[in-house]
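Per-chain residue numbering starts at 1, and chain names A, B and C are given in the order in which the chains are listed.
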Amino acid sequence: MAEMWLNMGPQHPMTHGLWNLRVKVDGETMTEAEPVIGYLHRGWEKITESRKYPQIIPMADRLCYGASMSWSHLYCLTIEDLMEVEVPDRAKWIRTIVLEAQRIGSHLMWLAALGTDLGSYTVFLYPVRERELFLDLMQNLCGARMTYNYPRIGGVRNDVPANFERDFTRVLNHFEKRLSDYEALCDQSTIFRMRMEDVGYLSAEKAKNLGVTGPNLRGSGVDYDVRRDDPYEMYDQVDWKVCVEKTCDAYARYRVKMDEMRESCNIIRQCIKKMKPGAIRVKPPRTAPKGKTGWAHVEDPRGEGFMYVIGNGDDRPYRLKVRSPIFVTVSAAPEMLVGYKVADVPAIMGSVDMCLGETDR
Amino acid sequence: MDLRLAPHAVAMSSSEFLSWSGEVMDQLMRYSGVKKAVDKLTAPIWSWAIRNATVPLHFGIACCALEMAAASGPRFDAERLGMIYRSSPRQTEVLLVNGWVTAKLRPDLRRLYEQMAEPRWVVAMGECAISGGPWYDSHNTVQGVDTFIPVDVYIPGCPPRPEAMIDGFMKLHKKINKEMKGTFLQD
Amino acid sequence: MERIGLAPGGKTGEVLAQEIVQRFPQDVTVTKATHNRLYAKVDKAALVGLCTYMRDSLDFEHVTSVGGVDWLEEKKMQVVYHITSYANKVTAELVVDLPRDTPEVDSITFLWGGANWHERETWDMFGIVFVGHPKLERLLNPDGTEVFPFRKDFVSGRRV
């Protein structure tokens, strides 16, 4: 049969975002794949060169809108490295709690998108319902549902509201029960397992070499998590474990994220107990010397996020470079796709948890 | 009404007769007020049917798309108001633009708009679709989707809450209701 | 500082810095080394040799980032590499200076596939040519863009 190139995108019912996946098919089997991105490129890094340091925090939220707290926090960490600012302890505890809550929210959105991709509307509706609970907690804390503008250079914007502990504990108790239900819903479904197991194989060696990070890397058996191996905030003072799976397929990546949601609940509970009263913010310097650099990397829900900044002598950055985890994972997509059928594309790309906002910047 | 040709009707060929008599009936319906009466009866029914099925295109661009997805969730439930997403532009009525439009996307978005069949509406959701939003000074974004597509409803917000999006669609319903187009004997 | 999960035989940043300087005494200047960070300035000609040594002997398995910087007034461009070692839990920052009128440097894509799109994007935005890269084409900007948008002499705010 003759081979032909198929365009899956930019308008497609797969819910990951705006990109074009060109696959070369021989019948139904894919022989080559080429992702085409750039439909969401707004030149984020160039725009930041004309904004002041605090003005970039809400812009960083909109880099990856599924995990916006993680990105504005990463930006604040980078500028704190540049300006050598020491963040007070209470701010670190609050940041850890909020980051883990954001991780749960992001993974729930991933699960909802995966459900839609596989054609299961049930697996869309349930996680969206639980995610609303976490968005309510965030709204009580900082007033917004999705793009929070909450971390500040030197701490966080405001202290926690009244009944913070009670609300969080209620939601976590409720959520952990529901999480078991959703795991059962997916794991005991023959169709789900058949579609996700043994597709999208990515060996550990290839994953490391191609720069894949985060749950995708841990689904291939590599035990690396920036939170444990290069700790930031209060992750080294909390007792938690890194979730690794060995089977290297889409099902392993799914399992890693489900386990991570449980670990996040565990981390949040410990942080709430260990948190002590104190200052939540210090005043950072307004400018940074020209040529001085700073960088930070974090464990974003999708992988290793990284930012590198060069100061300009005034209150704007000279250069702000962003490394997005999904940018690299999408470049590794052909490795995961070749040899499988076209109908497996939503399952494989859905297990990868793509967000095009951070890819294209 | 060219009734002067009536005596010659027997001499017409079949195609000539069909076109002549069709014109006569058409003009009879219009000038006697039958079209107006039928339109007045049916236009509310058509308007009710159309506005309760404002089917948007399955097209998520950026952050506002997450709020669009949340609006389909159980808490806000946009589907009871007719917003059921379809994947093909030919099957939809509303083009919901929910994010910034870049130079690379612009021709594709225009093509999607042209592929939609009448009646169609465009809803610009979020600041980026209205005016370019926080990226107004970028080299690659378009300052507002209404520079190349006519927009019917603007929903401000960054991102607008799901309730705001649903409110925008309610305003679209009001706009459709106001048009009150009858469809007996095309205008 | 205790480093959780460090493999036996894992080396700190200071030890790795010493080993690198021993191996490349003229071409590499280490500006700072801590237990988990390593900052170095590298000569353009020695880049591939250093990266091969880092990958094969020092267990640097992962390229975190490759980015470009345009220093318009100093008439130079820089490429900044951040390469991470999972085994040693160290991230190394390598800075390579290039002349601004002919910015060319060897590609390290053949060593780490993870550098592929980073280098392609750096070319797309700055015009820095990575010699030996498999596919140096437009990635984020639309095909047919004639400018390099992140250079300092390109003023954004142009209306599209």
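Just so it is clear, a contact is a pair of C-beta atoms (placed from the backbone, for glycine too) under 8 Å apart; a residue touches a chain by one contact, two chains touch by 3 or more.
As the structure is a computational prediction, the values presented were derived from the model and not from experiment.
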item	value
A-B compared against B-C, more contacting pairs	A-B
Chain closest to the assembly centre - both centres taken as Cα means	A
Interchain centroid distance [CA atoms averaged], chain A/chain C, Å	24
Distance from the mean Cα position of chain B to that of chain A, given in whole angstrom	37
Whole-Å gap separating chain B and chain C, where each centre is the average of the chain's CA atoms	51
Contacts with two or more other chains, residues of chain B listed in rising order	102, 104, 137-141
Junction residues of chain A - those touching two or more other chains	38, 41, 43, 46-47, 50
Contacts with two or more other chains, residues of chain C listed in rising order	141-142, 149, 156
Parts of chain A lying in touch with chain B, wherever the complex brings them together	10-13, 15, 17-18, 38-44, 46-47, 50, 58-59, 62, 65-66, 109, 112, 125, 128-129, 131-132, 135, 145-147, 356-357
Contact footprint of chain A on chain B as seen in their complex	57-63, 66-67, 69-70, 72-75, 87, 89, 99-100, 102, 104-105, 108, 112, 134-135, 137-141, 158-159, 161
Residues of chain C touching chain B in the complex	141-142, 149, 154, 156-160
Partner chain C, residues of chain A touching it in the complex	37-38, 41, 43, 45-47, 50, 206, 208-213, 222-224, 228-231, 236, 295, 297, 304, 306, 308, 310, 318-319, 321, 323, 327-328, 330-332, 360-361
Touching residues (chain side chain B, partner chain C) in the complex	102-104, 106, 137-143
